[in-house]
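Below are two complexes that have chain A in common, paired first with chain B and then with chain C.
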Partner chain A sequence: MNLPDFQLASHLIVLLATLMLVVQLLMVTQRMLITNIRLFAVQSLFLSGIAAAVAFFHHAPHVYFMAALTLAGKVVVLPWFLKRLVRKIGIEQEMHPWINPPTAMLLCGGFTLLGYLVARPFADTGNLGSNTFGVAIALVLMGFFLMINRRRAITQVLALLCAENGLFLAAISLTTYGMPLVVELGVFFDLFIAMMVLGILVYRIRATFASIDVDRLNQLKG
Partner chain B sequence: MLLVSILLLPLATGLVCLLVRSRPTLERLSLLAFAAGALLAGRLGARVIAAESVSALGGFLYADALSALVVGLTALVALVSGIYSVGYLRRDAGAGRITATQLHRYYALTPLFVFAMLLVTLANNLGVMWVAIEGTTLASVLLISFYNEKTSLEAAWKYIIIGSVGISLALFGTILTYYAALDVPGAKSESGLNWSQLVGLARQFNPHAMRLAFIMALLGYGTKAGLAPMHTWKPDAYAEAPVPAAAILAAGVLNCALYGIIRFYVLAEKCLGDHFAGNLLLGFGLASMLVATPFILVQRNYRRLLAYSSIEHAGIMATALGFGGRLGLLGAMLHMLFHAVTKPLLFFCAGNVQQHFGTPYLWKIRGAIRTMPLTSVFLLMATLAVTAVPPFSIFQSEFTVLSAGFASNHDWLAGLFVVCVVTIFAGFLHHMVQMNLGVPREETPRAVVCPWKHGAIALVAGIVVVLGVWLPSPLFQLVQRTTQIIGGAP
Partner chain C sequence: MTPLLIPTLAQTALVLVLAPLLAGVIKNWKAKLQNRRGPPVWQPYFDLLKFLRKDMVLSEHASWLFSATPYVLFLSVLIVGLMVPMLSEQPPLKWFGGALAVIGLLALGRFFLALAGLDPASAFGGMGSSREMTISAIAEPAMMLSIFTVAITAGSTNLGQIVHTVAGQSSAFLNPSHLLAFAALFIVLLAETGRVPVDNPATHLELRMIHEAMVLEYSGRYLALIEWSASMKQLVLMTLIVNIFFPAGIAADWSAASAGRALLFFVGKLLLLSGAVVLVETTNAKLRLFRVPDLLSAAFILAALALLSTFLFK
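The block that comes next holds the complex of A and B.
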């Protein structure tokens, strides 16, 4: 591999990772449910782009496979499934976060700083994309934050998926080639089953409680 | 071949049960599969004692003594829960509490659930192990929401959300372990997460990454094991799931989660060598015991009481690993064995009481011994066994843990351990005596003896009594072998 290639790839990956972060911030401030699902699809598209770039510059065929899987699963199938679920149970579009968007933005800035602090000892092993580890940690943290901040069952699912995107980015940025193929496949398989199970649960919660506010799930104590 | 058949058996059963509709066929299929599974697990134990380890499919599956012990316990719990569930579900179906579809769902999901647990213990690759542990969550969620009531949906939602967050931290830990091992000379990246390869190279890992990896893995799998403060899903899930499924959760999944923690613990101790991992486990273990104690004292619901007891016992095992040393490890493994055998007894008896009285609340039930003498006697026996009263085996393991605490100069913490155990004993016994002895509140009809339910109870009770006085030497050999694996043969 010659040097300009490497620099180009490195810039491209950092750019895409930054875009993932920007999309995540948009999700934090965005109030409409359908838009959130679309933003998740866009974020996954960038992730798939990073995987493809790594695969191209390292000549690693199995990472291509992962890029394709991300593209098919997280950009096309999952958003479609979630949108269908939203339409089917006919829930209200607007979400009511606990924390108002400006404060949430500030908090997310804090998470990004924290991510870079934690990532510092790992930074720049010279591998392609290793400097995006901080972004990956920030994405995971913001995913967890979104999960706490939203009341609807379905947005908690979406937040979980965002955290998962962060983990995939971490796998790419830390280990260059991602995880062994069998693990990637397993993780994807689990993700799909999880979505199906969560879909069934959301549906039943809606049928039983006539609402998917997780606030209503408050009977079990002690 | 043996490893493959252990895994294929429940998987195939689950898939076949998806297609079968008739209840007698479903019952027979699952009983047959679990009985055969227990036999195979016994053969694996013998095989592992003879040879150090067994592997199959080009190193994809791998079993050493630690795997064999957990496989054996899982298979046993699956078998007794299978026997119990026949009587339990027939009664529920007879009372119109569940439909034929729900019954079908139970029999199809349980073997898949067991398959996921067995894959946890037999997977060589730590990544595949992660996939399998997440698989246990997914297979059991619909068992927890089984009754489709408001509370069971709430419990299931809590379980999958808390579980998924936890498990994603564990994935992070797995990625970091992979990273820690990546630059070690001699590591191959394709098999880079294989336990059999990692354990030999652990001394050369990147210590900084390994430290972070262990923290993440402990938080993640600790959530599944129900260590405080990640335990909050446990009382809900255990109280809402049908009793046999709850027994599998308490005695099977708990072991699988601890198994995952132990695998990372071995790597971390070898790599860091400063007892960092042990101290963390000690902290989480004692915290779990401390959290469980007050909740057991003031508990009003006996199904939740069992869950807090399970949190306590997970804490005891973590504490034992944290004390470390040969005694600590021996105590931890013995406790895992004895707890997994004793817990189903407690669950099954509690299930009988709940089905008879129709309430999970302690204060509504008095004098159970008058209306259901057989169950009640076994319940009292199980209470004594699980709170570590001397003739029973849990006393031995807790005593070993305590000795380990003093041997490793943790006098104060060992004292705290005793305080928790004794307080829990008092609280537990108080609740159970009030529920079982005394005069019944109102005239309740006498319970009928169900051959399936009482058969399962008698079987487990027999094992508990035998283990109290006699630990068969192959079993003890197996336990000793596991402590060598965890302690790392020098």
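The block that comes next holds the complex of A and C.
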């Protein structure tokens, strides 16, 4: 591969990874549920862009497949499914995080710093996009943080999906071609099953408690 | 001294004349986008002339601070206008200081304005001052961090040097740290010029105003100076943004031909940025005052990430 191509690709991948990070930060501050789902779709779009760029510049056709799967699954189907779920059970649009947005933002800035520090030894393996590993770790941490910070079951599902986006990015940045196809397919399938189960669970929680606030589940303790 | 004289005069004239026009253009476009006819673009000039002709009413409780503030504000913003590269990479006052001096002078003007809001002891003035300070306490660090980001890439806080370095890079816009810093600085621009998500420049509705509350006691010539400096500050901040992040077409020296070409590019870039500001103002509702720090802390985090990624993605 000639050098200017490599530089252009690395610029492009870093740019897309940064945009993913920015979208994730927007999700942390955003209060409206539907907007959050749309932001997740945008983030997945950037991720599939990264996968496509890696596939193109490495001439690795099976990564194209992953990009297409991300595009179809996470940009189109999952957001559609989540939106349908939100409309169907008619839950409240505004969510109430535990920690107020500015503090959450500062915490997420700290996570990003942590991610960068942890990823530093891996940053110069010379792979295409290896310097996005820090962003990937930050995305996973923020996904977990979102999961803790939000009370409603459906937003926790969204947070899980964000953490998975981070994992996918980590796989792309650490190895040359992403994870092996079988593993990717397995993860994807797992995710779909988890979505279905959680979708049903949300219905059940709502039917029992007339709310999807997961704190109410604590009342089940005997 | 002579080679410096013409650029200084040219840029002074540009700052003084272009600033009200830019404010008028933004106001006019905003009205058009909202299906109103809107004031003509040169309305701010008429307003300034009107204010200059009118008598002043000074509160008997006002001290010297109240009369000194318009001059301090006007001069500090004008000097900042001479330190920012507009048509050429070499601003006339480039030896006077770099990015830090620019931020410091803007802060000086704001400091005096806040004091002058408190000085006549009217309730609105104090409220405006306190709000302005609350907002600028977060907006200013965000602005500093995002300027430092580009300064690190350029290896200097000299604005001319920064513009020169960015103009030399081919794919500067693909650089994530520049992108983040641009986003942060754009939010700061909205906050510092009192644009819609933060403050509404068009109303005098008492409970939501920030800048207007602070200058409520001013009239006549002083009000003209303050309005003029507000529009100059807007021009200077927009110039800073367009020339640092998109230095396309900026001249390397002050020869007539290259300066003329740079003027065309400069006005074009300003109009593009004004268009973006107008779009943001029209599509967003004003935030509640207690939500404004959320927006500004987002700008701060963006700027901090920008600074971080200059080290990460070297």
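In this text, the second predicted complex is superposed on the first by the 219 of 222 C-alpha atoms of A that agree within 3 Å, B and C clash if a C-alpha of one lies under 4 Å from a C-alpha of the other, contacts with A are read in each partner's own complex, and residues count from 1 in each chain.
Here is the rule we use: a contact is a pair of C-beta atoms (placed from the backbone, for glycine too) under 8 Å apart; a residue touches a chain by one contact, two chains touch by 3 or more.
Since we're looking at a predicted model, the values are computed, not measured.
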Chain B versus chain C on the shared chain A, clash or fit?
-> fit
Of the two partner chains, chain B (first) and chain C (second), which one does A:194 touch, if any: first, second, both, or neither?
-> first
Which superposed partner A:21 touches (first chain B, second chain C, both, neither) | second
Answer with first, second, both or neither: which of chain B and chain C does A:52 touch in the superposed model?
-> neither
For A:131, select first, second, both or neither according to whether it touches chain B, chain C, the two together, or no partner.
-> second
Pick one for A:160: touches chain B only (first), chain C only (second), both, or neither.
-> first
Mind telling me which of the two, chain B or chain C, contacts the most residues of chain A?
-> B
When the shared chain A is used to line up the two structures, what angle, as a multiple of 10 degrees, is there at the CA centre of chain A toward chain B and chain C?
-> 150
So, does A:122 touch the first partner chain B, the second partner chain C, both, or neither?
-> first
Nearest Cα pair across chain B and chain C, whole Å = 20
Which chain A residues lie in the overlap of the chain B contact set and the chain C contact set?
-> none
So in the complex, which bits of chain B are touching chain A?
-> 60, 125, 127-128, 130-131, 134-135, 138, 141-142, 145, 148-151, 153-158, 160-161, 164-165, 168, 171-172, 174-176, 178-179, 182, 189-193, 208-209, 235-236, 239-240, 295, 298-301, 304
List of chain A residues in touch with chain B within their complex | 121-122, 140, 144, 147, 153, 156, 160, 163-164, 167, 170-171, 174-177, 179-180, 182-183, 186-187, 189-190, 193-194, 197-198, 200-201, 204-205, 208-209, 214, 217-220, 222
What residues of chain C sit close enough to touch chain A in their complex?
-> 171, 174-176, 179-180, 183, 293-294, 297-298, 301-302, 304-305, 308-309, 311-313
Within their complex, chain A touches chain C through residues 8, 11-12, 14-15, 17-19, 21-22, 25-26, 29, 101-102, 105-106, 108-109, 112-113, 116, 123, 131, 134
